[in-house]
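Each chain carries a letter (A, B and C) given by its place in the written order, and its residues are counted from 1.
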Amino acid sequence: MAFDLECRDVSVRFGGFVAVDSVSFGFARGRVYGLIGPNGAGKTTLMNAIVGRQRLASGSIRLHDRDVTALGVPERVRLGLGRSFQITKIFPGMTVFENLRLAAQMNAFRWQPAWRPASTYRQIADEARAMLAEIGLERHADTEADKLSHGDQRALELGLTLMTKPKVLLLDEPLAGVGHSGLAAAIALLERVIRSRTVLLIEHNMDAVMRLTEEILVMANGRLIANGPPEEIRRNEQVRAAYLGDEA
Amino acid sequence: MSVVIIGLSIGFLLFLLAAGLTLIFGMLGVVNFAHGSLYMVGAYLTYTVFQLTGSFWIALALVPVLGAMLGMIMEMLALRPVYGREHYYQILLTFGFILIIEELVRVFWGLDYKEVNPPAILASPISVLDATISPYRLFVIGFGAAIAGLLFYVLENTRVGIIVRAASVDPETVQVLGLDVGRVRTGVFAFGAGLAALGGAVGAPLFPVELGMGFNIIIDCFIVIIIGGLGSIRGAIVAALLIGMVRAIGYTAAPDWVDFITYSVLIVVLLTRPEGLFGRSRRVA
Amino acid sequence: MTRLASTALGWAVLLALLVAIPNLGLGAERILLINLILVYSIFAVGFELSFGLTGLLSLGHGAMFGVGGYALALLTIRLAWPFELALLMAGLAGAVLAAVIGFFALRLTGIFFSLTTLAFAQLAYILASTKLRDITGGVDGLAGVPRPTLFGVDFYDDGNFYLYLAVLLIVMLALAGLLRASPFGQVLTGIRVNDTRVEQLGWNVRRFRHIAFAISGFYSGIAGALLGALLFYVSPQMLHWTTSGDVLIMTLVGGVGTLFGPLIGVTIFEALKDELGRLTEHWYGILGLIFVLSTIFLPHGAMGLISAVMRRAVPRS
């Protein structure tokens, strides 16, 4: 069975420090994977490596059974890889609608037109409105993105990522900083979004991870120390040690 | 032999300027385009103080203080309001300073170039091994080395120095240590400005004191701090001496091409190793 | 007031002014001043595309400006090319130079990028004033740059040349406005405010910056050529860092990130230069002071001030 996304012996080094140590794993199509581990375990670094933002010291990344290790971030996005950031990266000064419309341009135009205002193109406007509804930000369509509450910004972050119509979705702590009141809605949104996609989700919120994922990977000190169904991971001794060790 | 002396003297002069520039960048993240203008003001002030007192040594002592005061005013009035904004505001401001200072110099001193003679005891050339050497240049080398040594000592061994070094890596440390960030910033900028003015005083007997002398030297300064690594005094010394030698050799071998080579070197260094010899991870400027 | 309405208002005011000017019975000196404003406006609008829209602070735009001027001068004087063709080539020369400089400079960001553009421009200046003296006439420059001869109109008359320049400004400004509002322009805006995000959406950020820089160079080349035609003269001074500094001041004082801001900035700059220049020989320093004050207190320039005033006068619907 070919994997949608595959890491083969992936290692990342910063000088002498090994941030990711020979991680090998295959992600099957349509399944939802969680990636957990103590702080500093290398989770975001691994995600950066998969996405193309971080060079590998060794190993390879395969997307739809094609070696993409030499490709940069934009090329991998065009092959269907989407990624949301842990620290929100939206476009300040532009409205929520304009944010989404800009993202829609990626798929709408091979070459970005430069002679007509963007507002005259119906297709990207429609797509932006559809996504507004999907992420529940219709009432903020004309609000400047940097004026949104943190929770709404996280939703926009997700919306931007989805606009590129990724088949493989990497989410870096989508619930980070989402307050208690917005949590239920945020998790519900995630549930809708991850259907019918291959997803890798980094999260610290254990309830969400247990609920949303079908298989969990555990990293510690750059290495993949365990993987399996949520219940099995919950009972795993090594995993507990890794977390407890971190807490101590 | 004389080329070596010339090269070293230019090198140490460059170091005086580069040290201030690199400190200001390291600690404040500000690229002070007006540094050359401060150098120029130092040179002109030296001329005036010399005219008034007849003593180069008084000028040497007084001018850096005046330069530091000017720097303090610049920092407090103009740079402070824009620290929170994007970095290009600082570039714009220091660029604007160049225009203002250039005009002020024109107002006070006029258009013709001024001459500052080296002090009498250092004036007459001496012969060493077939070559004629200007004793003033020897003084510049000695003085520059002494300042460099003093700087190193202060940075490595005194409380002030350690704070400056820590803050240049992470400005927030200053706050954690309970110090007023604003005062430290002003202090560093003023100190850098004082060094630039000191450079002007030292350089006045070597080069014609004229409008535009600031810009001529600032490019060399940029090369020095980029090769040496932004924020590194150690790097500034090595790079300054290197560029000084290159300049000296250039003047004798191919005076027509010196400027061209200077700019080309800057481009090459920027493209190949912008972090320099001793530089840390680049500040986002 | 919506963005569309304020843009329309801006165009209305501009067109009204342009139409009114020939009917004001202005003297020769004033007409020259206005023509200078038109030429520099094209330069500033182009600079704004690089700095205001895309966020690239270039300190070397004088190089493209000067290259355009020399291209026109050499093609018309030495090779007797028709004016319009030479003008187009001047724009292309500016674009090509910008593409070359950009190829190197865009490997870097922030202050390193700015310094690289400055260094390249100074190299060009040195070449123009000394090394390539035989071609460029050295420090003395090249005199005898002709005016256009379209439709048999005598453009050596400054009043007629005004019309030529006004039409060109309108065309270049309109194209810039369309670019800003277009999907391409939106990507550039995105790159300015969050280039990581743009990359993560699937775009090659460097390529977009490169294209924007080249377009900006095209505008600079056209403007330089027109300045040459206006003054019948081109000189290496056009490539000097002070020229690059001037256009930066004009754009900032007028209002970065706006379509009409650069025009206002150019007008303020040139008008002050003209008026202050009569009163004192220290006008450049005063301009520097205005620039510094403007940077601190009016970061959005004159346009920002106008917008703020209008927002109070015309409440949002």
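The definition used in the following text is that contacts are C-beta pairs under 8 Å (C-beta built on N, C-alpha and C of every residue); 3 or more make two chains touch, one makes a residue touch a chain.
Because the structure is a prediction, the values reported are computed rather than measured.
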Open item on the list: Please classify the inter-chain touch graph. Allowed labels: line, ring, star, complete, other.
Closed with: line
- [ ] Mind having a look at which chain is the central one, using mean CA positions?
- [x] C
TODO: Return the chain whose centre of C-alpha atoms lies at maximal distance from the corresponding centre of chain C.
DONE: A
Task: Cα-centroid distance, chain B relative to chain C, in whole angstrom - done: 33
Task: Whole-Å gap separating chain A and chain B, where each centre is the average of the chain's CA atoms - done: 48
- [ ] Could you put a whole-Å number on the gap between the CA centroids of chain A and chain C?
- [x] 42
Task: Sites on chain C touched by chain B in the complex - done: 57, 59, 104, 107-112, 114-116, 119-120, 122-123, 126-127, 130-131, 241, 245, 248-249, 252, 282, 284-289, 291-292, 295-297, 299
Open item on the list: Which stretch or stretches of chain B touch chain C in the complex?
Closed with: 31, 78, 81-82, 85, 87-89, 91-93, 95-100, 102-104, 106-107, 215, 219, 222, 226, 256, 259-260, 263-264, 266-267, 270-271, 274, 282, 284-285
TODO: Would you pull the chain A residues touching chain C in the complex into a rising list?
DONE: 51, 72-74, 77-78, 83, 85, 89-94, 98, 101-103, 105-106, 108-109, 112-119, 121, 124, 160-161, 163-164
Open item on the list: Looking at the complex, which residues from chain C come into contact with chain A?
Closed with: 175, 178-179, 181-187, 189-190, 193-194, 196-197, 199-205
